[in-house]
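Following this line, the structures themselves.
One chain, chain A, appears in both complexes that follow, with chain B as partner in the first and chain C in the second.
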Partner chain A sequence: MNSNDRGVKKLLLGILPSLAAIAIGLIFGFIVMLAAAPANALSGFGTVLTRGFTRMADVLFYATPIIMTGLSVGFAYRMGLFNIGASGQYTMGMFCAMYAAFMLPMPRPINWIVCCLAAIAGGALWGAIPGIFKALLNINEVITSIMFNYIGMYIVDELVRNNAVMYVAVKARTNYIPENVQLPSIGGGGSSLNIGTIIAIVLAVLLFIVLFKTTFGYELRATGFNKFAAKYAGMNSRRNIILTMIIAGALAGLGGALYILSPSSIQGASMTYEPINVIAEEGFNGIAVALLGCSHPIGIVFSAIFVSFIQRGGTAAVAYKPEIIDVMIAFIIYFSAFAMFVRELVLGKRRRKRAGNAKPEGNITADEIDAPMIELDIDKEE
Partner chain B sequence: MPGTLNCPLIDRHIGRKERCGLENNIIEMLHITKEFPGIVANDDITLTIRKGEIHALLGENGAGKSTLMSVLFGLYNPEQGEIRMNGQAVNISNPNDATALGIGMVHQHFKLVECFTVLENIILGVEPAKAGFLRIEEARAKVMSLSEKYGLQIDPDARIEDISVGMQQRTEILKMLYRDNDVLIFDEPTAVLTPQEITELMEIIRSFAAEGKSILFISHKLNEIMAVADRCTVLRKGKCVGTVDVKAVTPEELSRMMVGRDVQLKVEKSKAHPGGVILDVQKLSVPSKTHKGKRSVKDVSFKVHSGEIVCIAGIDGNGQTELISALTGLERASAGSIGLCGNDITRASIRRRSKLGMSHIPEDRHKHGLVLDFSLADNMVLQRYWQPEFERGGFIRRAKIREYSDELIKKYDVRSGEGSDSIVRSMSGGNQQKAIVAREMDREHSLLVAVQPTRGLDVGAIEYIHNCIVRERDGGAAVLLISFELDEVMNLADRILVMHGGEIVGELDPERTNVREVGLYMAGSKRDDSAETEAMA
Partner chain C sequence: MEVVYFLVQNTLPVAIPLLLAALGGMFAERSGVINLALEGIMLFGAFFGCLVTYYLDPTGMNAQLILLIALAAAAIAGAIYSLALAFAAINMKADQTIVGTAMNMLVPALVLLISKMFFMSDGITTTTNFYIKSIPLLGQIPVVGDLFFKQTYLTVYIGVLVLIAAHILLYRTRFGLRLRACGEHPQAADSVGINVYRMRYAGVMISGMLGGLGGFAYAVGVMNGNCNGHTGVAGFGFLALAVMIFGQWKPVRIFLAALFFAFLRQVANSVMLIPFLNDLNIPKVFYNILPYIATMVVLAFTSSKSKAPKAEGIPYDKGSR
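Up next is the complex of A and B:
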């Protein structure tokens, strides 16, 4: 078998569970639509599946921030860290971008680039803190980053409300981002398509290179697969944990900037922020996107576009609330976790079979058999 | 089957056992066979326990003791064989069944709720209650009367996390008594106790037996078995070697039954020519992970020279793992110093130790030795990916890694489905180990630390790895080998250090000692008080 065939096979094996999950998830979504409003189910389902095609610019517009949060979650997950704090990092980044946009007048195009850099710094800071806690004090990053979602959101809302330049009290939202700070539009004529999507895709490719072609990526993946072996090999896990969380935070933070700075003609979307004490949903959508994309940077781009695609369709489906799409996505995520589990089962069986054939070689001693008990003890230690 | 003993004494005693009346046997485990994929953990084992006796179960690590006890306690269901209680066949499919039959077990690692009190732990699962309300005073009265009756001193209101290991064990024992168990299983009960506590425990066990309870006592310490047990069943490699009357045998005979002496894998090697000191360990102590305030390694000092193989023998759990963790940097030592080629590495990072020339074949190849989801090529450079040979400007040089990996695969005959591209998880255990051996031997080093390098391998692979280790030595490297297999120790070592209870209790010359003597040191029934000073010389 040549290496090309192997590559194709590997790719198929990688994306099949996700595709299967999508198919099953859509079917279940359709069943829910049938139950909710039988008469409109077929046409509504059709809208969900096709409407996105007529609004590709909007699809990409909404996909951009969740590509970024998806990359944030997926990248950290490769290291074995669960960055549930992408929302906080996203909000922090968005605020920093807004602040720079309103408060630091600069000529174009330096201004929007500075806004993006400010967002990267804000997000990185919000990622770094849980990372430092994890690396130095072994405090679970899930807990700290959840708390930092709230801390970040309340701080941002407070700062926004107290800033007379940014905040319009009667409308309970900020002013629109000044036009000359907005991201360069591509396509022109009020199209929602802008350079943000391109930046996100370029970053995904860059992350792919970091993960699979650099020594840092090698260390990161080794640690994610087996942190004990990484320690044994002399890798500096503390530095890597902090660095990974900084990068994850920066990605989510930039996502915030790419959203708030994007020009669009969509009603009620973008260029303004409402400080209403709600955690940004883009962070959680990022988790879903990363899961569906198998934490692979390129997979994440596609899964984010897909999620955005059916969300657009959902908002257009007659007789249904847009939340129907959240139900579908929930089904898809559920089944993608399930599909991975099934894939593990199949692979595991094949592996065991192979191990069984190689019996004369794999003469295990009886004390290896007590593995379940030993594992229990390890659990206790941690 | 290699390892069968021509010991007349065993036949004699088995004969006697069979003449014994059935009514005396409280537990009969008949022809128990328990298989796991690739291994028969218990192979047709028959074990009978009489009412009121203390029955010891002796065997090396991996001999199948724990599996057999797990079968009796309902944790595993055997493929073949039956268990009878008082002559009636019983079905024990889970621990609740065992408890209902009056079988209780004190596990080696206690099963206590740390933040509960002693009393709460004892009644856990069988709480006396009325209308949903706990009747704690009723329980307290019963526990305290049991405690007084057997001299098991406890503080019922102390939390488990605050009390000594000895009291934790007494809590476990009271748990069994509270449930009115008649068959008491003790899994290596003395492993965690001080000498005084051991003496007390022996007294308590004897008083249980005097009262008609039956005791099953699992141990690999010969002197304890000699002191307390009536009969002893010896297991080796999943098979029952025999059951003997303890009064009729000597510790040497038991040791021989336990270890078995027929497979002789002789390694061809010439006399060692030790050179300068490579590894210099002085007064090293390592704290215990499981028992706070205790030390797993106590003031250990020794040296390893270039061109010699020093072997640390001992039964698993006597501090070897902790000693190696401290030497290789996986854990921190609490006192003492480690020198490598004249550099103090006591607090050095793992990367620095590796740079200074330490190679390490780890004890647990799946936990430490390999990233199972990486390709074989990526695993071959696990410590070296950052070296200029394999890295340029932060980027990994895949082609170079592949080239190097292909070379190692050829040189060390590592077999796998797809060569360098194979995912290591899909490879057989023997070839996984060979990959580690290849990696550790091939990188530049002056010291090779090999922990159980042949564990779980077939004869051919063992021979191959043994030859590699001897070649290492002849090439001028210092080799520190840790093994629980006496065969391996006797075959490879130029010097043997025996570890027991976290200390080096003897230094032996393999030319002038025999397995039996090493076994006695390992079991702790013999020790050289001058060993420390000799080892330092």
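Up next is the complex of A and C:
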């Protein structure tokens, strides 16, 4: 077996659980559709699966923010941190970008770059606090970052409502972002394609390099594997936890900027914000995207495009509501949590075949010790 | 004095959903499973409770009787939904955080889908009046009657009964002892013949039942008998987990913690009625975020002497004994 063959096998083994989760999630979604409105289920399901092809520009437009929140969640997950606070970081970043866009007049193209930097700062701050709580006081980051979702959302909504320049009270939403601050469009003429998507993809590649080609990335993944071993090896886990959460927050925050600053011709979709005291769903979709993409930056780009793709189909399905897609996504996340089980099932069968069914259940055999956990991980680069 | 009466009367109906859900979290964690799905389970229970109320209301049944039936429906719904967590966490050994998150995402989406398709709304709106103006006899007791038996909901007393039952179940029964053993040291429990998997199923299902009860108590005490897919239970499921940690996984302490959080929230909502707070002129947003900030502060101070069950969140594998 040459190394190329091995690589392909590893890749397949890596994405198999995600593909299985997608398939099972879609089936459960279809069952819900059947239960809700049987007559339209088949055509509606078809729409979900195909409509995206006719709207690829919109698919990429909506994929951009969830690529960013997905990278945020996935990056933290590599370190063993569950960043459920991507929503709050995203909202904070979006607000900072909006504030800079309205309140700090600057020449183009400095202005939109400053907006993005402001968003990065806002998101990073919102990620740093749960990171500090985790690193210094060992408080579960899940609870603290959820609290910061609520705190961030309430503060942002209040700040927006109290700002006469941004907020239009009669419309209960903000003004549209001024045209000269919007992200440069690709294709022009009201196209939904813009430079934001490219920025997101470039960042994904950059993160891939950071994770797999730098010392920091190695330490991060090592801590994610076994934090005690990493500490024993002299890695500064406290510093790494805070740094990871800052980077995760910055990524989600930038996602907020790339969404709010993106020009498009989609009605009411972009460049304006409604303060309605609801937590941004992009953060939670980011969790789905990260899990489906195996927390691998490149995988995350593809899974974000997939999620955005079925969402576009969901908004078009006759007789259903767009929430049907959220139902499917929830099922997909649920089943992607079984990834380890699926992998073990595939590997276990093969291993048992090798051992000639001699392996007794429930005991650790030499065979198992020979096959370390690392081998299961597709991301261990040669 | 009027202000004190008002605050107490309004704090209790808010504290009870927190108490019930936090007790739910406690039973799951005491058995060794982290129930992050409480938020979703609560909304699931609230939805079914409201659905039952919606269909029973036209029959002209007594409102308090409807409440009891709806609570039972909510508890059953919560217990059934929690099976999804139990299966994933116990049989599949899946990551409990991910499963909980997925379950939290599923419910609002389902509630919105069903409500929009069949009720032309974002949730279930009921017209049943669960409010109790004054309980006969008890309401006439001076001071105590004003504090605890006027302008309230039946859920308050049910919540207190559940608290007592939970305390007895956990500390005074064989089942409770076994449950706690599974959360502390499942290998030891297994070695003396306790079925760890079955005990964890029981812990999670009790958790789901209490979560469902808490959800409908929220619909009654906070939402005035309605439920809505957009606002859901406003993070009460997560706050309940903080309440549980603050209460150090002990029923009575959890009750006090729930009262503390609910009181903060109530003060925040009634600033205008409390003269000295109103004079401070603090923006309302500060009061909105107060419960969440308080959670952070409380966690910061209680984390160092945490008495969390030792085996919580770790799937039990018979083979690794």
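Observations on the structure shown:
Just so we're on the same page, the second predicted complex is superposed on the first by the 341 of 382 C-alpha atoms of A that agree within 3 Å, B and C clash if a C-alpha of one lies under 4 Å from a C-alpha of the other, contacts with A are read in each partner's own complex, and residues count from 1 in each chain.
Throughout what follows, a contact is a pair of C-beta atoms (placed from the backbone, for glycine too) under 8 Å apart; a residue touches a chain by one contact, two chains touch by 3 or more.
Note that this is a predicted model, so its numbers are computed, not measured.
Judged by the touch definition given at the top, the superposed model places A:F284 against chain C, while chain B stays out of reach. Within the superposed three-chain model, A:A204 lies out of touch with both chain B and chain C [touch as defined at top].
Once chain A of one complex is fitted onto chain A of the other, the partner contacts of A:A76 are absent, as it touches neither chain B nor chain C. After overlaying the two complexes on the shared chain, residue contacts for A:G234 are found with chain B alone; chain C is out of touch. Once the two complexes are overlaid on the shared chain, A:I139 sits against chain C while remaining clear of chain B.
Within chain A, the residues touching chain B in one complex and chain C in the other are 361-364.
Chain C contributes residues 36, 84, 88, 92-95, 97-99, 101-103, 105-106, 108-110, 112-114, 116-117, 229-231, 235, 238, 241-242, 245, 283-285, 288-289, 292-293, 295-296, 299-300, 303-304, 318-319 to its touches with chain A in the complex.
Within the complex formed with chain B, the chain A residues making contact are 3, 6, 213-219, 221-222, 225-226, 228-236, 351-352, 354-356, 358-370, 373, 377, 381.
Contact residues of chain B toward chain A in the complex are 36-39, 41, 61-64, 66-67, 109, 237-238, 289-290, 316, 328-330, 349-354, 360, 362, 367-374, 378, 382-383, 385-386, 391, 394-396, 398, 418, 421, 425-426, 428-431, 455-458, 461. Residues 32, 36-37, 82, 84, 133, 137-139, 142-144, 146-148, 150-151, 154-155, 157-158, 277-278, 284, 287-288, 291, 320-321, 323-324, 326-327, 329-331, 333-334, 336-338, 340-341, 361-364 of chain A touch chain C in their complex.
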